[in-house]
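Pasting a structure below so you can have a look.
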Amino acid sequence: MPDDVDLKKLAMVSSPTATHLLLKLGIRNTFLEGIKPLTSGAAVVGRARTLRFLPMREDIAPDPEHPSSNAQRLAIESIAPGEILVVDAGGYLGAGTLGDILCERMKYRGALAVVVDGAVRDSAQIREVGLPVWSKGVHGAASSRSLWPDEYDIPIRCGGCTVMPGDYIIADEDGVVVVPPVHAAHIAEDGSESERREEFIRMKIRDEGYSTTRAYPPNDEVLAEYESWKKGEATRG
Amino acid sequence: MPDDVDLKKLAMVSSPTATHLLLKLGIRNTFLEGIKPLTSGAAVVGRARTLRFLPMREDIAPDPEHPSSNAQRLAIESIAPGEILVVDAGGYLGAGTLGDILCERMKYRGALAVVVDGAVRDSAQIREVGLPVWSKGVHGAASSRSLWPDEYDIPIRCGGCTVMPGDYIIADEDGVVVVPPVHAAHIAEDGSESERREEFIRMKIRDEGYSTTRAYPPNDEVLAEYESWKKGEATRG
Amino acid sequence: MPDDVDLKKLAMVSSPTATHLLLKLGIRNTFLEGIKPLTSGAAVVGRARTLRFLPMREDIAPDPEHPSSNAQRLAIESIAPGEILVVDAGGYLGAGTLGDILCERMKYRGALAVVVDGAVRDSAQIREVGLPVWSKGVHGAASSRSLWPDEYDIPIRCGGCTVMPGDYIIADEDGVVVVPPVHAAHIAEDGSESERREEFIRMKIRDEGYSTTRAYPPNDEVLAEYESWKKGEATRG
Amino acid sequence: MPDDVDLKKLAMVSSPTATHLLLKLGIRNTFLEGIKPLTSGAAVVGRARTLRFLPMREDIAPDPEHPSSNAQRLAIESIAPGEILVVDAGGYLGAGTLGDILCERMKYRGALAVVVDGAVRDSAQIREVGLPVWSKGVHGAASSRSLWPDEYDIPIRCGGCTVMPGDYIIADEDGVVVVPPVHAAHIAEDGSESERREEFIRMKIRDEGYSTTRAYPPNDEVLAEYESWKKGEATRG
Amino acid sequence: MPDDVDLKKLAMVSSPTATHLLLKLGIRNTFLEGIKPLTSGAAVVGRARTLRFLPMREDIAPDPEHPSSNAQRLAIESIAPGEILVVDAGGYLGAGTLGDILCERMKYRGALAVVVDGAVRDSAQIREVGLPVWSKGVHGAASSRSLWPDEYDIPIRCGGCTVMPGDYIIADEDGVVVVPPVHAAHIAEDGSESERREEFIRMKIRDEGYSTTRAYPPNDEVLAEYESWKKGEATRG
Amino acid sequence: MPDDVDLKKLAMVSSPTATHLLLKLGIRNTFLEGIKPLTSGAAVVGRARTLRFLPMREDIAPDPEHPSSNAQRLAIESIAPGEILVVDAGGYLGAGTLGDILCERMKYRGALAVVVDGAVRDSAQIREVGLPVWSKGVHGAASSRSLWPDEYDIPIRCGGCTVMPGDYIIADEDGVVVVPPVHAAHIAEDGSESERREEFIRMKIRDEGYSTTRAYPPNDEVLAEYESWKKGEATRG
């Protein structure tokens, strides 16, 4: 079924539009609270890979000096093109969960972005790498100061939402929304149409002074104008 | 009395200067805490229109699918040139109170800015619209997820301050300050003079190495220098 | 001993690298939490001067109208080239501890930056002054609304860390780290070397697709490549 | 319609049961978050009277030295038997909204309780008065330090919920729930029945070791046992 | 190895003493922050069973009306004598994770306590049941409002610490500490001895005015007194 | 001047009354926010001794295994009858600043109470000791986990207020208020009179149904009744 999702259309859907349409479908809790873009201007759509950190427990944590087989590394070394790493660090802001080198590696492997319910480190260097990051903050300490990677490819909590491996992730200027695969095709269709209609409405408000009473939501007359504008666009476009 | 306020002079007053002068007048609580500009560089002065959201109550909230007569829409469709919409959403960050389309409409009607004790949505699109926004955050969900518009043109709580309809609002890089109309003419006069004096002091510190002991507050000698500099400026300007 | 610190090398060390190396030395608590750059792009290294504000007590606070001998002014008027003023305002966000004029003065005297566990005011003007500031927020009110300067050149609490007068401060995009003088030479040496090695590792990951298993930390083979690359750089450079 | 509400039955319904049944009716947001009983053991049911404080604005607040006609006093001097004063102080914890004397007066007039989204003062003396209070905290300062009473008998925000004048309030050990009048009769009926069924289930679990698989929710067999137990109780009772 | 743990001795160890001894062993993070006893006076020692809730996702959550095979029920219906259910609800306070009926069942099965990083409901009724509860708060809503039970018998995050199935839990007036099994025998031995020594020290301070310089930690003389007091106790006891 | 303070009268003044009278004198910030009694029912008046903890810095902190000359011990071993130890731990809740043994010692030396802007440990045992404690929380870890004692007998920040050595402290059910010595005699006089008048007002409201309009503040008639009641009390008492 995910094969049926038109990723180009999904990429036209903003995080607020997706949130709104999912709410109409009865999925209330999809916008990750408190998680912001590290740099402005990025917008990506991809599939979630998940990773969970737990608070440091020196008696059980894997040795941070030999990280090769810990859950974080396994997640990063298996990430595939089009994927987004979504990290549950419990909202902890006292250590960065990852830095520029791991971002460089994920970018090389084709990852599209990183989303962290917690902090990252090396923010200036991450910007150089160019892998977009959404997080709750920045902290200079390495994760091993107070976190250990527990598991990957499991359901996680992130920004007050559940993220499952394979969920679609829309991340943009406003923030990050998780789209359940079962609804992704619908969001791509209705969402891209909705964005277009809103673009038309904004144009009418901006250029012709339509009131929101008339245009938002559009009344029948405005809807008809929209439909004929769309046809015109299709002809021109 | 508001007619006597010199808006050009008031527009020269920064939010910190206004806050400071109001405190001297015994008005302690005028700087809206925790409310930040959505984009940097904006600075506006206008009159407050107010709107209050309350937490969603499904048994009483107006139908969000037919918003034409709810308080939010009535506020927006009646906003006038020079006005700033100030929104009390109780600091709630789990839904955006408004997005790009409503901003487009307010801009068309001549509104100068929006100030929200809560979140907005469509932040990237709002930047395109070009209506400056100050808020506590961004959230993708529409307000109807968890808020309903209760009333407009009433006293509200915003950023820990009371804002009355008709209050003057100074919003800039530092944040937002509310200026009671009864003190606005005074703030315009004293504030613009104060900004000019501080500009002179900064110049003397920067270019001639004056100590703050001598120049901040200025001693009599420095004050005299300032007065003659002002005369020179007036001659040249 | 501080004379032995190579400031050029220390300036090559990012705040996360310094934090990490200090943690390895057993100094766990050196990255100031929640304190962010006011503008992006700044990076400084200097020695700490300290200042503490306490909550306003009208019966004991020095007269804010005659500030010449209060602790804040004494700190500012005695600051020397290469120093960074680190301010403990208890994390209080309801008043700015200092504004553009005091920043102008500190810049004139050669100060490199200001770090505040609390808020500043006049943020737009401070950017004009060009003295980099790290703080927890911005507030328009003058400090005398709710704070008074208690002492300077004493141990303080800042961002959940202890800062001593004379500590080295590394402040960059990620945030601020305090380096105990006894460890500064070591951090300069090991840190600058560490930065260079990480640059090499990132290059290998980016250009040649090295896995992190192989390169981070580097295995013997990669380490050998690094050593010969370094020699090549030295020859070329 | 409120006349049809069986208050005795409503008083048998705990706040969690009412919250749960309202959620089933689609009213999601009825349990006031963060508002706790000042003393343990109290449980009341009554109708809401409402009052809103706003942050102090010295240019508009009524004179606290002559309080006779401010909104707080008008609310208190008009409160009637069976009513509960619900106060919106914006969650502000830096001043007490009321103390023992106003509680004494409300108790005399027949009020059942006070619920405050903010703080109270004189907590020890309020316990002597014997009027139950639910609040977010205690603070020694009088409200006039930083609040002024804006209006009463209006819709308010309290603990993240909307409270309307005339709403039913159930307040107990767990906290406070607001019951819309339109649903109160239903909550009284279904809630009291639900409490009884849960009492029976707890008894079966405690005395006969029923598993929750069998008894919670009860399967048909357990439901039949409950029905016959109820009949027995009715016969005996 | 856990068989070697003397539970009677472990039960003599207070949560602060256990925290302190574990810190000396290099296990820094064992005291669950922000989790308080629902009623005062309880003190238990047992083995952890774990359960994790995630934020509600309507497309994947098990049907709350047919809970028989969800993770919460499986955990509760398999809990064994001497065990303590430790629940990770992500610190969420907007819904109760469990109430009196589930507590009644756990008590019947021999569970000793419940520890929740989140809220519970039916607090008054839970007190009647008599199963001790430690939590961050109380909320009237059922968990299905915003949580779903993800898994049980897995590593969890609770109060900023990692809790593993089988960990020893010491819960008392101060709060809850997690004791790794590998250190439990040591904590039982050293901890019970430490409690006894502290009791002796307190007695000497209270009855004979020993200074802390002399007695805390005890110098050689006081240690000798302690040893002979212990012998006397053994003889008498 | 402190010699002139009537401690018996000061002990009759509740913390809210003292806060209110100090505010009238222009001292706005005297009630320690967020600091609660560990056990209910205690009420003390005494002189402040102060102590400040700073965040752990392993390179400078005194050795916690040899505490005899650190600032905490020096404060405790020099505390005198009638004094209250007021501790600035920066509001940090991740470690207890002191426990039962140090409380036992302070009690022996005549201390009246401990007030902590942070946490304590051994709360159950502290209750046995019987020294009243006000704090922000409880944590099992010893202070040396993350704090070190910096100085004593210096101005400190506590609950958002400045506390000076020698300040009068009133601590009761509502919380803790700091009374500047220069105002203590006035607070003792006016405060005790104010408490008596409020007792009379509450009696009139409770027993005779006086309205607050008439009695709070009392009009001339009620004031006259109060004066004659006072005389009667004096005669009887």
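General observations
Read from first to last, the chains carry the letters A, B, C, D, E and F; within each, the first residue is number 1.
By definition in this document, a contact is a pair of C-beta atoms (placed from the backbone, for glycine too) under 8 Å apart; a residue touches a chain by one contact, two chains touch by 3 or more.
From a predicted model like this one, the values you see are computed outputs, not experimental measurements.
Common neighbours of chain D and chain F, listed by label, are E.
Counting steps between touching chains, the shortest path from chain B to chain D takes 1. Listed options B-C, A-E or B-D contain a single repeat of the D-F interface, assigned here to B-C, on the basis that more than half of the contact pairs agree by residue number.
Ranking all chains by how far their C-alpha centres lie from the centre of chain C, first place goes to D.
Chain centres here are Cα means. That of chain B falls 40 Å from that of chain F. Centres computed as Cα averages put chain D at a distance of 32 Å from chain E. Each of the following residues of chain F touches two or more other chains: 28. In this structure, the chains touch in the following pairs: A-B, A-C, A-E, B-C, B-D, C-F, D-E, D-F, E-F. Chain A meets chain B in the complex at residues 14-16, 18-20, 23, 28, 31, 33-34, 36, 43, 172-175, 177, 198, 201-202, 205-206, 209, 211-213, 216-217. Considering their complex, residues 26-29, 54-60, 90, 92, 146, 148, 150, 155-157, 160-162, 164, 180, 182-183 of chain A touch chain E.
Listing the residues of chain E that touch chain D in their complex gives 65, 67-68, 73, 76-77, 93-94, 96, 99-102, 104-105, 107-108, 121-125, 129, 137-142, 145.
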